[in-house]
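Both of the next two complexes hold chain A, though its partner changes from chain B to chain C.
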Partner chain A sequence: MSLVVRRTLLTIAVTLLMFLVIAPFYWIFTSSVKLPPEVIASPPTLFPQSFTTQHYDNLLGGSLFLSYMGNSLIVALGTMIITVILSTLAAYGLYRLRFPGRRLLFRVILITYAFPGVLLLIPLYGLLTDVGIIDTLWALIVVDVTLAAPFATWMLQAFFRTIPMELEEAAALDGATRLGVITRILLPLAAPGVASIAIFAFITSWTEYMFASVLIISDASRTLPVGLAGIIGQYQIDWGLLMAGATMTTLPVLLLFALVGRNFVEGLTAGAVK
Partner chain B sequence: MLRRNSLMILVLAFTLVLSVLPATAQSPVEVTLWHMEQPPHRVERIQMLMDEFNAANPDVVVSQEPQNWGEIYTKAPASVAAGNAPEMLFGIPDFTPILKDLGQLQDVSDFIATLDEAHTFYPAAVAPYSYDEGIWAVPLYNMVHSLWFRNSVFEEAGITPPTTWDEWLAAAEALTTDDQYGVGIPANRQLYTDQTIYNLMINAGADEIYNSDGTLRFANEATVAAYEFYSDLYQFSPPDSPSWTWGEAEACFANRTCAMIMQFTVITTYDTQAEGDPADLGVVAIPTSADAENPGAISYSNGVMLLTDDPEKLEASQRFIAWLMQPENYGRFLNMEPGLFLPVTEDGATAESFWNDPLVVKYRSQVETMVANSSSGRLFGFTNGNTFPSISAISAQNLLAQTLQLIVIDGETAADAVAEGQVLMEEAIGE
Partner chain C sequence: MSASITQPRRRGVGTPRWLGYAFVLPLMLWLAATILIPLVQSVALSFQNVRVIGTPGEFVGFANYTRLFASERFWEAFGRSLIWVLGNAVLQTVLAFAAALILKQSFPGHRVARIWIILSWIVPTVVVVIIWRWLLSASGGIINYALVALGITPEPIGFFSTGDGAFASVIAINSWRWFPFQAVILLAALQRIPGELYEAASVDGASTLQKFFNITLPGLQSVLFVMGLIGTLMSFNIFDVIWLLTQGGPSAATTTLPVLIYDTGFRQFRLSQAAAISVVTGVFLLLFALVFMRFAAPPSDDGEEGRI
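Up next is the complex of A and B:
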């Protein structure tokens, strides 16, 4: 196959893939700026025939959307920070230290990841009420960390395995403490992995719906997915408002991916090739 | 001496102030309402009414916490178990048995009697909450299905709005063109489909799912006739109907792809996302089969449950509800979503506060038809006094809709599907 043919095929494949990825975002965004009759028009219009900001005005002016977004940011960032700290320490402990029950502990961590969360809903509600953090953002941070940390720990081990032990031993000979080895040697070398688990934890928390809908009672503490579902309603749907909400909800995640997306891909593929 | 007297006066004055303080500085009774009317304009309207009530009743503070229908069936029992349930909770009839089982739900029979004396409830609104020798919620607002269409579309086709099944099927066929489906009916395993198929069951004479002894009577000829007719109509419905909920049906009607739909209301969507011409918007009762003796449509009497046994909080909650039911307040409460929520009391149905909302004024004839339709509304599992709490298990699994899917998706005959549906229901209620 000639180089020209191969490049043409590659271009077509990449274009097709880009279309598949970008098309939903294009559709959501363009629908959010169409007038209501055009949003639900049949057949739908590929390019907007009208332009309005009324859906954004309603969303930002007529609802608690910004408050929901603020809550989501706090919960997602809190989850991200705690998950990174916990997972880094846990991954290091599990893959560098030798202690009895290490393998068992590793398996237990993965089992907790596979456990269906819905079974925990009611007991967790009671537990968090007893602790006094029901209907607070802390409740969601605690839950989201437990959702994200097991997989993040497992993911980080791939990075730690690629870092030669000799580097740590050399640092130890130079007087570095265990924590110093982690912060000065391992973390800088495993930066793509840390970025990956940070993004993973952020997205897990940003999109979490089930626990956020049950553990939060007051409107003021609601996060974005639950708040948006409430704004949209059940029997009557304002499709333009829904699209504006979806666009605004997607923005922070897109932004995060734009900033550190390359690291995320590197993180996912780390350890795949020897 | 003078100093001693002054001291005595001071002590007396201080004692007097202390004795008065507890009465004047007593903190108000705080009660919370959980409801599922989450769209911002509804929350705003409820808040406006609460502010008025709180201002007129300084010894009570009522607050709201909007919740989501999707999770309330999990969240409310969890909150009762954890001891932080709200004092008032909105709900529909199949929600009350769940909370009643937890032992926290208050019998409101006496309170209903007092309210009935003042406002006269429609019996159909109270009936779904009346069982086990008690009444378990105060009905607040009704929602009923009707058949919606455009008058101009019927005139263009030279037909009149249907009142019988034969006319309905003929209309669906006549109105199906290259760019329009004659009717839009769902086939999703979801509550909307439960509702639309139950409309047909009512109008086939199959509204009773239970016998009076609590055994199921779902599998019968009238039910089979209803499912058969549904599948006949379904051939004139859009191909994406198996994924529909209420919103998709409304959009299909608003963008003129569907000529007719069954829905609680389309008024807001039609007014804001379609033509908004009140003269062209048609609404009639759900057409009926020749055999139906008691036609009607599915309706939900939404009520408020009381979850506190604290006398002060109970009194405060009842005072708020009684205030809400006053005609001058009640219409404004119903019009948190104009053209959707209908009155459950006689004086509410004539209240100026209900009829003077701008959208209700604009679509008055349609709202009048909806109110008339609501008088013959009913809900599966809560009919003619044959109310059995196990219906919650049937509705939670959407077994009416699942039975329909056996026909329109799996290709079974209506008779086989209904027989299988009865087996599924028996399994669900543990019979």
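Up next is the complex of A and C:
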């Protein structure tokens, strides 16, 4: 195959692939700023011929969208902090220390994904009611950590495994305490991994729908996915409004990803290959 | 101290055994409280006749289970769940391999592409659902417009109006959401396979297929193992994308087991019955996981540990 043919085929393949992933997002972003008649115009307009912020005005003025977003942020940040602490501790124990049964423990952690979330939904509802945090954002933080932490622990293995044991040993011989070894040597070296699991936990929480739809009862405590799903049903399908909602829900993750996407993908994949 | 210096690789530096457990303990306690206790309660619930959350029930033995195994709805949902897992696995694997092989090449912007490909995975399911309902809408959706304009179909297709159509659409949409995630992981694994292996094989006259089976697949084994295990479990348990797109309809055509559990427990208010379905599902998945780990686990490479 000549170089030119190869180049052309590759260009077509790349274009198709990126089109498949990106084009739908382009379509909702542009639809969200079109005037209502243009949104449903036939033939569709690839480039917006009109510009309006009315869908966003309706969204922000006519629903609790901003408080949904605030709630989602709180839950995602809380999930992120707790997941990072629990998973980092566990990964340190599992991958830096040797003790009988750790392999079994590790498998037990991953096996947690075998149980249908729906299965846990029913008793968790009762449990969280007993503890007194049902219908609060804490309930969601508790659940989201459970969803994120096992995989996050697995992601960290690559980072902890690649740091030579000799570093720790040398520091210990020089009189560093275990805590000193962890905070001054291990954590800085594993920082990219810790950042990756932080983002993973954030995204897991940001996108969670099922638990949030059952464990939260009052409208004011809803998170974005549930709030947005409520807007779908609440109005006769108003596509402009939904496009605005979808766009506003995507933006924060886009922003986060523009800042740290590279680290995240590297961290995600490091776990898979090392 | 001296004892541990003689065998530092075994347990790190001067490490008492309990220290390892101490580090893992917080996570284990957390998971026990949020998974183990609810699990036990689910099993207990499945032997009672509780209907609505929070109301008391009586012990009814295996009644929920016998009803379950005699129920056509259950077996149909079970079969659909298998199709769901299989359909998603095939579609996602094909797309992910194709995407990974494309992204592995170097072209202008390949660094950016390798990151942003994952976009569909980082947005909430609700957004995915809104996007595709809009794209596939029978009135005003751009895909139907294109199909009609190109003369592929005389009039707009109601993608969610027939059972098979709805199920296929939901599988396709879920695959669209997940394949980039798998592509990114596959790509990283592909990049780790030393290029010299392929060169040496070429020198020895190996065909492309031989290279794939003797170099690529073995090189991907540990990744495929974890993806196969966790991917299958996660995929089986997916609820939100189906519920938000079709609520299990039309006429139960997209009701997989998780949807059936939710519908039984929170729509029909037969909580104990739902718990029984959950327990059966959980046991099935657990057996699958154990068998999978037993037979598909890659050989460990450091003598003691597998990658998992």
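Basically, the second predicted complex is superposed on the first by the 246 of 274 C-alpha atoms of A that agree within 3 Å, B and C clash if a C-alpha of one lies under 4 Å from a C-alpha of the other, contacts with A are read in each partner's own complex, and residues count from 1 in each chain.
To be clear about the criterion, a contact is a pair of C-beta atoms (placed from the backbone, for glycine too) under 8 Å apart; a residue touches a chain by one contact, two chains touch by 3 or more.
Note that the structure is a prediction, hence the values are computed from the model and not measured.
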Legend entry - Superposed partners chain B and chain C on chain A - clash or fit: clash
Inset, instruction - Go through the superposed model and pick first if A:I109 touches only chain B, second if only chain C, both, or neither. - result: second
Inset, instruction - Once the structures are superposed on A, label A:S31 by its partner contacts, choosing first (chain B), second (chain C), both or neither. - result: second
Inset, instruction - Based on the superposed arrangement, let me know which partner A:L17 touches: chain B (first), chain C (second), both, or neither? - result: second
Inset, instruction - Identify the partner contact of A:W239: answer first if only chain B is touched, second if only chain C is, both if each is, neither if none is. - result: both
Legend entry - First, second, both or neither for A:A229, with chain B first and chain C second: both
Inset, instruction - Would you check which partner chain A:F99 touches, where first means chain B only, second means chain C only, and both and neither mean what they say? - result: second
Inset, instruction - Based on the superposed arrangement, let me know which partner A:S218 touches: chain B (first), chain C (second), both, or neither? - result: first
Inset, instruction - Go through the superposed model and pick first if A:I122 touches only chain B, second if only chain C, both, or neither. - result: both
Inset, instruction - Kindly classify A:S42 by the partners it touches after superposition: chain B alone (first), chain C alone (second), both, or neither? - result: both
Legend entry - If touched residues of chain A are counted for chain B and for chain C, the larger one: C
Inset, instruction - Once the structures are lined up on chain A, find the stretch of chain B hitting chain C; candidates are 38-46, 56-64, 164-172 or 236-244. - result: 236-244
Inset, instruction - Using the superposition described at the top, list the residues of chain A that contact chain B and also contact chain C. - result: 39-40, 42, 121-122, 125-126, 129, 210, 214, 229, 232, 239
Inset, instruction - Under the touch definition given earlier, write down the residues of chain C that touch chain A in their complex. - result: 8-15, 17, 19-24, 26-28, 30-31, 34-35, 37-39, 41-42, 45, 53-54, 98-99, 102-103, 105, 107, 113-120, 122-127, 129-132, 134-135, 137, 139-140, 142, 145, 149, 176, 180, 184-185, 187-189, 191-192, 223, 226-227, 229-230, 233-234, 236-237, 239-240, 243-244, 257-258, 261-262, 265-266, 271, 274-275, 278-279, 281-282, 285-286, 288-289, 293, 305-306, 308
Legend entry - Complex contact set, residues of chain B against chain A: 34, 36, 38-41, 43, 65-71, 74-75, 77-79, 81-84, 143, 246-247, 250-252, 254-257, 263-265, 268-269, 272-274, 337, 340
Legend entry - Footprint of chain B on chain A - complex, ascending: 36-37, 39-42, 62-64, 121-122, 125-126, 129-130, 134, 210, 213-214, 217-219, 226, 229-239
Inset, instruction - Over in the complex, which chain A residues touch chain C? Could you list them? - result: 10-11, 13-14, 17-18, 20-22, 24-25, 27-28, 31, 39-40, 42-44, 85-87, 89-90, 92-94, 96-100, 102-103, 105-127, 129, 142-143, 145-146, 149-151, 153-154, 165, 168-169, 172-173, 178, 181, 203, 206-207, 209-210, 214, 224-225, 228-229, 232, 239, 242-243, 245-246, 249-250, 253-254, 257, 261-262, 265, 268-270, 272-273
